[in-house]
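Lettered A, B, C and D in written order, each chain numbered from 1.
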Amino acid sequence: MSSISPEDDAKRKEFYERLARSALSPLWLSLAALVTRQPSSGLKAAMWSYADCRALLMEAGGLVSVEEAERRVLVLENSAFPGQSRITTSLYAGLQLVLPGERARSHRHSQSALRFVLEGTGAYTAVGGERTPMYPGDFIITPSWEWHDHGNDTPDPVIWLDGLDIPLVQALDTSFMEQLGQIEQPVLRPAGDSLARFGANLLPVDHRPTGLTSPVFSYPYARTREALDTLRRNGEPDACHGYKMRFVNPVTGGFAMPTIGTFMQLLPRGFASGPYRSTDATVFTPVEGEGRSQIGEQILEWSARDVFVVPSWATVRHLASSDAVLFSFSDRPVQLATGLFREERIQ
Amino acid sequence: MSSISPEDDAKRKEFYERLARSALSPLWLSLAALVTRQPSSGLKAAMWSYADCRALLMEAGGLVSVEEAERRVLVLENSAFPGQSRITTSLYAGLQLVLPGERARSHRHSQSALRFVLEGTGAYTAVGGERTPMYPGDFIITPSWEWHDHGNDTPDPVIWLDGLDIPLVQALDTSFMEQLGQIEQPVLRPAGDSLARFGANLLPVDHRPTGLTSPVFSYPYARTREALDTLRRNGEPDACHGYKMRFVNPVTGGFAMPTIGTFMQLLPRGFASGPYRSTDATVFTPVEGEGRSQIGEQILEWSARDVFVVPSWATVRHLASSDAVLFSFSDRPVQLATGLFREERIQ
Amino acid sequence: MSSISPEDDAKRKEFYERLARSALSPLWLSLAALVTRQPSSGLKAAMWSYADCRALLMEAGGLVSVEEAERRVLVLENSAFPGQSRITTSLYAGLQLVLPGERARSHRHSQSALRFVLEGTGAYTAVGGERTPMYPGDFIITPSWEWHDHGNDTPDPVIWLDGLDIPLVQALDTSFMEQLGQIEQPVLRPAGDSLARFGANLLPVDHRPTGLTSPVFSYPYARTREALDTLRRNGEPDACHGYKMRFVNPVTGGFAMPTIGTFMQLLPRGFASGPYRSTDATVFTPVEGEGRSQIGEQILEWSARDVFVVPSWATVRHLASSDAVLFSFSDRPVQLATGLFREERIQ
Amino acid sequence: MSSISPEDDAKRKEFYERLARSALSPLWLSLAALVTRQPSSGLKAAMWSYADCRALLMEAGGLVSVEEAERRVLVLENSAFPGQSRITTSLYAGLQLVLPGERARSHRHSQSALRFVLEGTGAYTAVGGERTPMYPGDFIITPSWEWHDHGNDTPDPVIWLDGLDIPLVQALDTSFMEQLGQIEQPVLRPAGDSLARFGANLLPVDHRPTGLTSPVFSYPYARTREALDTLRRNGEPDACHGYKMRFVNPVTGGFAMPTIGTFMQLLPRGFASGPYRSTDATVFTPVEGEGRSQIGEQILEWSARDVFVVPSWATVRHLASSDAVLFSFSDRPVQLATGLFREERIQ
């Protein structure tokens, strides 16, 4: 850009002030930051150690009163966006602790939520009149605008990872929320009903979907693990992904949730994945195993139940030092629906 | 229509003859038969007793030489269309016997085929490099234009019901067929691979479908039965269908086959279904149980492994005298794709 | 097949007779004819000269009484299927004459119909409360199960080509038909309404389609011709098709009708198309120009308003001796929906 | 919430500080702001007077050097988000001035852009080798990741409204941008080619879409206006929308752009629309006419070429004091794809 005389500079400043008073701003000053050559949010690769987080969560369990219990969540906040409750630019993640005997009141909201169970057996999530038990490794959905509640009737604490599309819903300005009058929704059907009804490669003959979310709202780990084991026994791993599957909505074959893509992958012991990058910043949590991931220049050493995040378009390589299974989620369904998704296997 | 003078009549006849020589015909003589007030193919409701058919099939086993073995099928022919090898206007059905030690050469064809196992355990069907074992009640697909072969390595005969879209493919004039050079396709993956890979509410992360048929080509009865039992335990039966599910292609949520819809329904003992009719003439075969069906004015008494057919738009009522499970198939996917499907619950 | 002893032969005959009495037939005798290596319906390439047909149609105009007028159609019958009122295995075609002052009663039926205007200006077709005028080259739809009627208020006869899916609807056994109580449906909107409402690359903001057929039911030739001219000015012709477009349903981008694909193509003077074959037997009628088409070994010389048919999988080459525009239709939408369509450019 | 002792309060503060050091934050402090009962971005209803903006834009024309010309845009910035270059939470809008003789270099970016021409005739936008002329009221698309450039070869200034999905692309962190080596892309086809090729209710017979954006990238106002006039002549206005249409991608029938919905509506003189609200904050610009809109408690008086914005879930009523035509755009396609869209006609 050519140099500008002090006089011109002053003129421009005065002009910009007048613009501001008319709610206008000069694009020539901001364009370079708005339309960038590559993803440029500044999102940081980062990891949260489960051991550390668990200790703080337990401490919170002592500090936060019963009334506040339904919010006993520690938000995993990307340091690039302090105070914004986001782990990526479009997604929220948090660790939730439910102590023995606690129950959350039934409510519903526009935001889609996933729960990925990290610790404890025997809590439940209720959706659509069905209470599903929660075991480590289970992927559970509380769909947009469906009543949901949960509780822990066991003597042990339960901890899960929450994933929500809160920042995306903010960007679209479409948040709605309601409390159900009663504390808990009535239980209408036994556990396992939705899985049998919708998840056995059959659908009720006249089923008409009422939303975009999978009616199978609980994907038990045992079944997922078995599928991954079969893939492993029967073929070679993908160079960049190992054995990787995405959870699907059986009514459409699309993603299980309209705004959040969810995945599970198995990396055999010693497997080193080839460099790969994609535009969907992704949150990972290992279910089993240990390893490390190189993200750009950064190296993260992880073991089971840690949580780490890979920014958009950062090159990632995983190395599994034992057989490892990783759950992950991102906003890929939105990127695909808008034509904005890109991915690259780097040679 | 007004009466016509003999002179005019002669004129017309001469005219019609001249038309015929020009490959023309007068619509006013045929329209009433072409565009009818209601489905009018003349298809008959009919039943084939398994016991009778089995005896004839065994007799055929003795008559038909080894070279002919791969065609050892008795076609269930609707008496309304003699010599046309169709059980409905658009579908073919046959009973196939595979004797111990027999194998069929690998081939492929445009026609989509289903196999519904009636008797015998331990035969296999091979598709896409996977051999799936065949047990009674299993629904197995040999998809359009995929290599397939089968064999029976057990000491007992195996019998299944074949369902194909042969008449539809004739109507569209799109038949292709090829023999594979070798007798059998190589086995690339163990049994159960496709079910784990595509049927566990997960899909391989980069899966792109290559056809319109479900990559899950074997739907084991055990799993289907369990889903039906769950529905039964957890809710009331549909007045017309009992507990009825359709088999789905997990990649799309649509029908498992592009031309043939397949269904399984459970009718509890004593259940009498309300009158219902639909435009998709349907082939039924009970897997378990006994009962009778009223189809129009006709009553058919059935037990396990019989086969019966309900014509388009015929009113049907089922009465189950014991817990009964019925498999059925029809051309519903084509009727839905073309906007021609109708159904009615009759009050 | 190995030779059979007279004794065995007699045994088999007796067995076949017993089978027939049980509505069974031996597949080993019919399989080769049912599942063929290539399309094998026996459909013939054929042409109907407009001049000849027109003379016969006018003669019919004198013979057929007023009461029969609404059926004053000469069916173009493929000689491979005498008495079956089909021009291809799945489609019907006929030439319809409407004399001055004649009107057809309003009715509706499951069958989808197209009208391609060959001669005369000023007749109308009414659909959905709108009467569209009919000019030569216009492609007009009377959608499945929508009320339609027509009339000719001009002093000249009007002739069009009818195309219907009658044989397909027979194969699916889904024919329904109703007469409207009154002779004509009321006119609710002026001509051109549906084209402006749905055909200007805009849709009413809350439009929800009620069927699978294009709500634009009249595609005027002037507009179609202009689009073809633009393609011709701006690029090279396709080696096999010249400049060829398909009519679309603007609500979906799919075919204008769910069962019949419709096309218009421009072949510049002297253009000789490369050999091509496809599984959708196709009916052609030139709107303008002259030329000849080689279909297999057969050569047909055509000029405007003749009608000719190309069978499934027959190799076709067109040679245009003047600038020529050809309208054509086939069952391609059904073949695509069922995965049965194939085409090949032959090198 | 129960009151907290000073001691507990101190404990909590210390705890929160430790959390912050671990990149964690307590959800119980932020949840109410994250998941709100209603859309709560704080976006303001606002209007920009064209006369005022035009004067400032001309002034900018004098201030901003030739090198900066391609960015001579005044961003319409919602006062709720100062410095963020957004008119709604997900969309960007700006007024662009192109002076006689100016040209913009060819580039491409992930962001989808629309141009709505406000003043001047004879500038052009080039996309895909075609230069489309720009007239007032024309809606023009520069699709995601397609090369585009523009210029003004006339003696008069040209001004248009830019609409982009910049904030959405930021939220998804998927921005890519490239400059073409050469200044302008070569002209491969004359103006009007894409409209004839894709916009005449026909598509090239073998067309396969390469993206999610309409291949018709210019929707001339003359044609849009004519469609609206036809609707007006032939029926009653919608109580909330008058005569309102959405621009469509003729290849799919969906929105013309994957991230931005575009609409045009005609409000007859004296028409007062019923109260309506929707979750897609919408930018309006009148093409013709005058009127006022009540948005919540605020009233905006507008005339042609002003720009105003209606926030998510704000109730809006329009009153047209003359025949008025309004162009508008919003992120509705994204809201529909994610299941987040809501609208309400308020009784």
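We adopt the following convention: a residue touches a chain if its C-beta (ideal position, glycine included) is under 8 Å from a C-beta of that chain, and two chains touch if they have at least 3 such contacts.
Remember, predicted model here, so these are calculated numbers, not experimental data.
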item: Per Cα centroids, the chain farthest from chain D; value: B
item: Whole-Å gap between the CA centroids of chain A and chain C; value: 52
item: Chain centre separation in whole Å, for chain D relative to chain C (CA means); value: 43
item: Whole-Å gap separating chain A and chain D, where each centre is the average of the chain's CA atoms; value: 29
item: Junction residues of chain B, two or more chains touched; value: none
item: Category of the chain touch graph - line, ring, star, complete, other; value: ring
item: Residues on chain B engaged by chain C in the complex (per definition of touch); value: 1-2, 8, 11-12, 15, 18-19, 22-28, 30-31, 34-41, 43, 46, 48, 52-53, 56, 59-60, 63-65, 67-68, 71-79, 82-83, 85, 88-90, 92, 94, 109-111, 144, 166-178, 211-213, 258-259, 279, 281, 311-313, 331, 333-335, 337-342
item: Residues of chain D defined as touching chain C within the complex; value: 189-190, 192-193, 196-197, 199-206, 214, 216, 219, 223-224, 226-227, 230-231, 233-235, 238, 241, 244-253, 256, 263-265
